[in-house]
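Following are the structures in question.
In the two assemblies presented below, chain A is common to both, partnered first by chain B and then by chain C.
Right after this comes the complex of A and B.
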């Protein structure tokens, strides 16, 4: 058995450690006192474990409110991106129209436009719409995503034409072909792309900081930033406690859907 | 079920994809309750024709009429056409039962009626025990039956099948073919069936339309397609081993091969020019001794024993190769064989365009 451990295994073990150690580091420090965290920062097991950090955090900020804001924003963005991505991809897949390739390439090209370029125009539009300090202001410019279109189109291209034809012969309305036949086939890739969209949006920082100024509208990453560079210096264990809270939901999502996520990476989900 | 009343008529249909002409001015009419087979090599336009009848493809010009009404009008009144695809196209996320039920449910067929029809079809096709399986859990033959079943539950007057048997094992194919034949005998639907397999076509078709390069070369009952093909293409496409074709010349009431007479007839009224003579392998009369001065002399190159019959490949030094089918095993490799031709069992084709000149007794 030991003979089988070769260089690749060592590399894999290193990669696994580099992923897991920061998480353990974060969780363990969130249970340390401020003094311990400076003295024994690298110890994975706290010498005087305490949940005071969490209790203090609960007093200082509205944890439920923050989580709800973040969840709401991430959910709106994810649903928006999935819906527009699926519909657009289906249109590209099914209909023939003039300039189709050009429009598709135009969509894909938006992937390469850096966020910093659209940041200011987007901000101006959102402020004109009076959506500052509003979750919708954060979500609105993000309801479409060319990455989703591209991934869904690639998956849809694997659906045989005859399947759509068979449904047409059966006089199934277009809407039902889409929802009852295409969507179920795409389920694995919808779940995995959706999970990635959700986690990305959950962690988003720069754009929400621009839109959300009012503390009541903050999302978790914005609140976390307050703990890291607030005027009074960094309360490290407190920041770790908030980080831990922030990681819980994405972690659960990932654990539930990892089968799909891995599946859609290794194949398209279609036999 | 009563005999279907639905007729199908294609009027001067053409179809172009980009600049390629797939179908060129086709006329075709299918009688009510008829089993019509579209037969041809791949790329001849037979599937495109079927797809136009199904309404999946718009003809570039011309009209598809069903029951003397334009197909486009009919589509809107829920007129049902059922179709089976080559790759079956079963809905992968639905069980066998749901696959059969889906279209009926969408079209609001009452639940009792739905159940009755589906149970019936499952029974007929021997699928009852697979009703709760997903398509991915079925074998090729089972999928094919589900695909046929999905067409059957609709009780449509018109049933279109696009190479439904080409993806299943040879052993099962014959059984599935018989099943389709039985279904037609019971349900009497108007069927258009696309295939590239001539045996399937001969076995199933009331009539066969042989297609090549987007044109119907001949449409007729199987016997005539085989015995009296309209042209050289049809003659060569139908029949295994292929029909023997000899380039000949007609001169002074004699059919000449390499300037030697191989057939003579005083009553012929043919232009003196080149022709192509076609003889089916079973119509080459072989013997070990010369019986007539016109007999062709050849050597047995190889022998294939198919069990039911023996196929001889005959060659001579004039570059002639003929295939012959005999029932008895009386010849040996490298042995001399004398072949006698008869006018009544051979076909004469125009040299250039390959048209059958009907010189035999099939007038």
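Right after this comes the complex of A and C.
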């Protein structure tokens, strides 16, 4: 007896394949010889598997330095966005003050500011601060993020008023309410929002290309771009080896926090 | 004293965000507005006041006109690929299948972990018209693949597909969540009444999901036009003859490649005005509930 198969699954599985197969080819090509990457391009399993691309890559670029730069930048940005986001959301959750609505809408509005409108002035400021070719120059203008504020605010609204009021009556200092009550309750969303911030920053390209011109200061996406233009020429397997290295950390983070991350994304849309 | 403290405290918590927003967003927007009335090259010690000339340049220069048209083409493809398709698929997953919903969510999201630089490189290889796998298969079937990088509109299509690969899962999850928050008793009632599923979706579900629908639609335009920057810069650098450039990319080209700060700033201001219109639509239809903060 065959059960009736839902034909929609065929369409959905095709979409999964179109999402995943390019990634499989990325990994596959990183273990192929240059000749095989053209000669047997449709083979997902390399005919002559080799780790030479990774070894050569390690000679051509400073892999450790690149990874460290990327890690440092993503960490600074993530911590900054989490701190400013938590403080802001906390102020909104626990206080009534003038202009609250206006400030809230101002945060919403920042999502609609194209980066091109702040690009020149921020570039000039970073260059005045002597932070060109410096990870801090990339990180500094992006230490706060409206999406984070929104998600934290939504989670904080779920904390019952009675809990915060009780703490106020007991004359527990505000600082302690924040650290001992609010933060522990928010832990899951801090972890997931932090993971999203980190992954996005890890992959960031546009602003770093303006600030980081010196190779020693490059992050991984910038180093990768070099392999499509002049220098790396057309060595596709080499570029795919770097791509594979680049995605390892985001993938690990996703595997560990996958449930939280998907939940947070859902939350960011709910109004 | 205590009372005064209470009034200042919330602003103390807001201070870090406020300083960052003022220094790196509000002042820069004002400064860009100022620059849009001057002729400058990013380096020279003096700027020449030119009035509205940069704005006239934005709308009358044939290259900029082409770029504005391209931007509309981008918006069209972004809406179709990154909004309508994920919306359709989220409806399928929500109402037409019963199993594996969680698995699809997890799998669709995986490309979001990748840098668009990786996406751009991968798809340039896959779609290479001479030596790529798809061209290879097509050749064996007796077909030839068009050289898409020579055609503005084909390059735009490819670039939009690359961003689609990355953001599909993200938008899918947002839209699916919206559908999930619609009360099930409404859906059940319609089922009992024997209303066909597609009519139920069209007449009931889509209107009820309007808030998040508009939110994702607008985000698709605003963020999409900025996401495509990476594949444009990696693959075509705006070519052929600005055929795949959009207003965002052209703003960058003017500032950091052509050193025409004035044109760049005017383009940025025009883009911002368009985005502000979208913001007002968003506030009108989506942030309605935000009134709770008044």
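Keep this in mind: the second predicted complex is superposed on the first by the 252 of 271 C-alpha atoms of A that agree within 3 Å, B and C clash if a C-alpha of one lies under 4 Å from a C-alpha of the other, contacts with A are read in each partner's own complex, and residues count from 1 in each chain.
Quick note on the criterion: a residue touches a chain if its C-beta (ideal position, glycine included) is under 8 Å from a C-beta of that chain, and two chains touch if they have at least 3 such contacts.
For clarity, every value in this text was computed on a predicted model and none was experimentally measured.
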Just from the overlay, do chain B and chain C fit on chain A, or is there a clash? fit
Chain B versus chain C as contact partner of A:11, first or second or both or neither: second
Chain B versus chain C as contact partner of A:118, first or second or both or neither: second
With both complexes overlaid on chain A, does A:26 touch chain B (first), chain C (second), both or neither? second
Between chain B (first) and chain C (second), which does A:63 come into contact with in this model arrangement: first, second, both, or neither? neither
On the A-aligned overlay, A:171 touches which partner chain: chain B = first, chain C = second, or both, or neither? first
Given the overlay on chain A, how many degrees, to the nearest 10, lie between chain B and chain C at the CA centre of chain A? 90
When the two structures are overlaid on chain A, which partner does A:79 contact: first (chain B), second (chain C), both, or neither? neither
Once the two complexes are aligned on chain A, which partner has more residues of chain A within touching range, chain B or chain C? C
Just to be sure I read the superposition right, which of the two partners does A:131 touch: chain B = first, chain C = second, or both, or neither? neither
Answer with first, second, both or neither: which of chain B and chain C does A:144 touch in the superposed model? second
Shortest distance over all C-alpha pairs of chain B and chain C after overlay on A, integer Å, is 9
Is there a shared patch on chain A that both chain B and chain C touch, and which residues make it up? 270-271
Mind listing the chain A positions that touch chain B in their complex? 160, 162-163, 165-173, 176, 180-181, 184-185, 187, 270-271
State the interface residues of chain C toward chain A in the complex, per the touch definition above. 7, 9-11, 13-14, 16-17, 20-21, 23-25, 27-29, 31-32, 35, 42, 89, 92-93, 96-98, 100, 104-126, 131-133, 136-137, 165, 168-170, 173-178, 181, 211-212, 215-216, 219, 222, 225-226, 229-230, 233-235, 247-248, 251-252, 255-256, 261, 264-265, 267-269, 271-272, 275-276, 278-279, 282-283, 286-291, 293-294
Interface residues, chain B side, partner chain A - complex: 51, 54-56, 75, 78, 80-83, 85-87, 89-93, 102-103, 106-107, 136, 150, 154
Of all residues in chain A, those that touch chain C in their complex: 6, 8-9, 11-12, 15-16, 18-20, 22-23, 25-26, 29, 38, 41-42, 83-85, 87-88, 90-92, 94-95, 97, 100-101, 103-106, 108-122, 125, 140-144, 149, 174, 199, 202-206, 209-210, 220-221, 224-225, 227-228, 236, 239-240, 243, 246-247, 250-251, 254, 258, 261-262, 265-271
